[in-house]
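Naming follows writing order (A, B, C, D and E), and every chain is counted from residue 1.
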């Protein structure tokens, strides 16, 4: 290491360190390195969890297909014990109903929060809407069974629905995902640059026109991401559909009927305490893997959409 | 299985530890009542009672995962084999009699079914979807079926002993659950609904259900404690059991205490849980089986 | 149009103090001054865009054809259809070029016989027609910065306003694009009253008929800087023969 | 210290081109130039703060007492203990005044006999002691902007560096606070080598011994503006008698 | 000047009397937005009111002090579920909070986001946050099998499932809190010769504590309401003793509610309603606490 070599007649180097040699060499910092490694491992754990999910799901599924013909699983026949398509269609029915409820309401709430509410009002209104996401799904399920079906659907609307039906489950599911959609859509609306709104107002547009014709189209990919994420939540939600949609394997698109969704199947089957390794235990994993695959694809779409709107500005 | 507490055998009835009970949802209320009554005397004995259904209960029981298995039918051959393979020896104790009840929505204008009609209604080939198809005098009302899951002894009993089809299965266009409460809710909430489960569930929910009388050739017989005990309610009267693991009874003081208490107070427990108690003869049989276990 | 005793507050902060200014019809008026002296604030008051800023409060009068636009009963939206605005950063909508132009007429409910003609007219007016006539259906985001800014001007004139406000319309553009926008401003002068905020004194000197010079005076106790109008005169006078010392200092680059 | 053939890239963007500059010991060197010409970038290279900018790449040498601080084996953290830095916006830590000063000595593991003395010395060095000596335990956030900036300077000198880099240290301050910081810089000159980036030419003229003038040259094809050093000389020469036309234009306010 | 001689428009009418902001269409639209905003709140009010009325008769000490009872429906209690949920929450927090914070700190302060493995972690986290909770139950089942624990329905299994479930939530909120600490603070520290870890530990984390606390509480309030993953782990709905260790069989409040919800005996349903109110009070209380911390302690830089 070179030192200062008569760099001038002035006082010695380093104002506060008279005569101290300047050493810039790298010092070993074992604690620092160890901590960094530990933090890295913690972060990698999330990847391990994903791999874990896959391995944990795939292994029993291999055993499952050793016992059950693939055709029986991928079957539309609701009479076949292991048919998955009746479960998937049931999930689709409840999810579509949920989206019909949650998309307009969620986007409406998001528009109000981002385009109409004052900063102060938003500070209180947003957590209020998000409270809806805090209600446990078993509570929503109970509410669907105790109130929505008997009081709302049967008494008030006079629908000929049974005790369990996809409609009540879908409606309540929709309420549950409102905050998911509202929150992400509000982010997307807020990310639209102020200059676009100013441009619109300066043209003589009113707030509604600005919101619907400028902000909404500009935020479209973010809005799409919000809807897709809501969709993913609805597909994966368990307790509401277990309680309210019923446990009848039913290949039907009629929302007034009871039908068993993928998650509903898993919850009821697990409730039956199946011993490790039995075929019905493995079914759980076969359906679980299907569910994971479906939501995984949906989530990736949502992530890609979010990335797009983040990049747009 | 349950593991004995550290202070096992601490004198008196101070046994402690955990007991795992699973199996029939029909018997579950009774086993729960037993545990609840026991806990008032000895809170250190910790009993968990599951309701996986008779079949589901035997599956875990024969793997040694539970101490006691509740059953609404006798153990079947393949289950015997499974227990042998799992090295689980057991003792069968009858704890109550059941009048398997066929219940309908309270507004349905049907009061009695013949055994043949039962078969026609629940059998695997059944295409009956309207009550009037079963009998022209019945109302023109669509049928919804709520029946126990395939892991349940009640399902097995109806399939094997009543419908008695070769496949030992029932029709599949039904709503099914291992949880009898779900069936009760379904039937009471759906017009034209019919289903079946243990008598207890009917008795607890008399207000919202209607039980059908069954005509087995000798006129319509209502399900009740008397008709079941007298053997008049056929073919739906059946015995209810608990299966106790011999090893657990010997090694786990908590199991022993629970089973002893169960049998000793059988009538009290049955009444508290709204079950049909055993006749004196049957009770004596159970007591002697317990003695065999203790020795 | 004319501002009378205009005072603007953001919350408690007094941003602009007692501005009196009258803008000549079919003239270009430039507003210059150091950063933060309230030029943009005054400009935004002229078409009530400041209504959209939370906490902003305007006192005084802004007369437009003799009517105070801050009077009760005046619809700020109607005001803005008469007095258009172009911003510092080009802000085309994420729509096609055509739809950008058609947006204003559509939302204001203007009676339009033939939208295609109107779009062409506006684009010609903004000297953009030849460059974009083959890609009217393409996204406006595909245009260069200078083209986008002229598109924003075209969009504004499509609603047939009377006055056009411009807030540093060239500061995000390169010199060539700037020159084209300046040419456009000079062309538009025949038909529109233009009020332009600029940082670029050369620009003010090149395009404007009159120039208003603003500065900011710090409050002695709080240190808040309140903007005020120092001098307003013919552009040639301001640049060659300013009356106020502060103007002279600014023009000669001695502060700011 | 000295920069030799310094080139800096942010990703693909060539931000600074071939800067050669040697800073005089116990002098104040000012770096001036229009916005975006790379002054801050060069400054950050001098104590390897650019290591923390993702995508930044430095080529060339920065010699500190003859050693290239970009050499392999050099510990950037050790570099920063010798070469301190003060930022544009005062950035005290959300801690007490005392802890702000003590933070550097603590984290670098400096051997300190009496921390109280060190804190006092640093605060005196930054001409802040009298104003804060009664509230050392209070949060630094309670100080005024100017006091906060002097606290940041005090914090830097507490670690006894050799060189202090300052990036527009007064641009967030009012004139009075600015004057005090400038006074402080002149005082510190006796003990430290100071390198300061400033936008304010008057400031450069007032405090610095030498001035480096940077500008940015746009690339003809891409339009990217790459910074380069135009002229480096005694401050008096730069301001009174610049050699380069561009420097003269800038100094006289004709561009920038 | 102010006299319109030859204007571009024939008349200058700006005092229209009626603003287009208040045209019928606009007002209807605004009404719809209001409805959207308050629909959810209305549902929540109906839910709480309906449940509270049903459970009104059961707000007695027995509700929280007694175990569940099949023999005396009107005296059934949720002691085991409440204690079970609290135990689960404790162990969930012990597992998830340190891990989550560590991962978040790595990603924000140490990771070079251009490296492929860090990008994978990033995308993966976003994805995990949206994995259905029931799948986490299956994962915990597998983890339990992996470590060779066969007993079902115990504290450990439930806590693993819930910890896995809320880990992404904690990581994401911690990252936000860490990111909110301004870059100037880091630069100030690094320029004094502090290492990255010193900067993180002494400057960034202390400033981020309120944000981290908010995220943790929200994560735990989500965990306490979950039933689906616990069902996968075989938690019984009836347990008549207090939890006493990691390996102790337990139940949880949501599981007990689920168990009772299918019971059509009115006394049990009323008890379930009362228990729902207890659960909601716990969850809404935690949410309120989180919002309070956020509003009160979060520094706006």
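Basically, a contact is a pair of C-beta atoms (placed from the backbone, for glycine too) under 8 Å apart; a residue touches a chain by one contact, two chains touch by 3 or more.
By chain, with names taken from UniProt: A = Phosphate transport system permease protein; C, D = Phosphate ABC transporter ATP-binding protein PstB; E = Phosphate transport system permease protein PstA.
Predicted, not measured: the structure shown is a model, and the values here were computed from it.
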Moving only between chains that touch, what is the shortest number of steps from chain D to chain E? 1
Of the other chains, whose C-alpha centre is the longest way from the centre of chain C? B
How many angstrom lie between the centres of chain C and chain E, each centre taken as the mean Cα position? 48
For chain A and chain C, what's the span in angstrom between their mean Cα positions? 45
Dist(centroid_CA(chain B), centroid_CA(chain D)) in Å evaluates to 84
Residues in chain E with touches to at least two other chains are numbered 19-21, 150, 152, 195, 234, 262
Counting only residues that touch at least 2 other chains, which ones in chain B make the list? 50, 65, 177, 179, 182, 185, 188
Interface hub residues of chain A, defined as touching at least two other chains: 145, 206, 271, 273
The chain E residues in contact with chain C across the complex are 1-4, 7-9, 12-21
Within the complex, chain B is touched by chain A residues 78-79, 81, 145, 149-150, 160, 162-164, 246-250, 258, 268, 271-275, 278, 280
Note: in the complex, chain E contacts chain B through residues 67, 69-71, 150, 152-153, 234, 236, 238-241, 249, 262-265
The chain B residues in contact with chain A across the complex are 22, 50, 52-53, 56-57, 59-60, 63, 65, 144, 149-151, 172-179, 182, 185-186, 188-191, 193
Using the touch rule from the top, collect the residues of chain D that touch chain A in their complex. 25-26, 64-67, 69, 73-75, 77-79, 82, 157, 160-162, 191-192
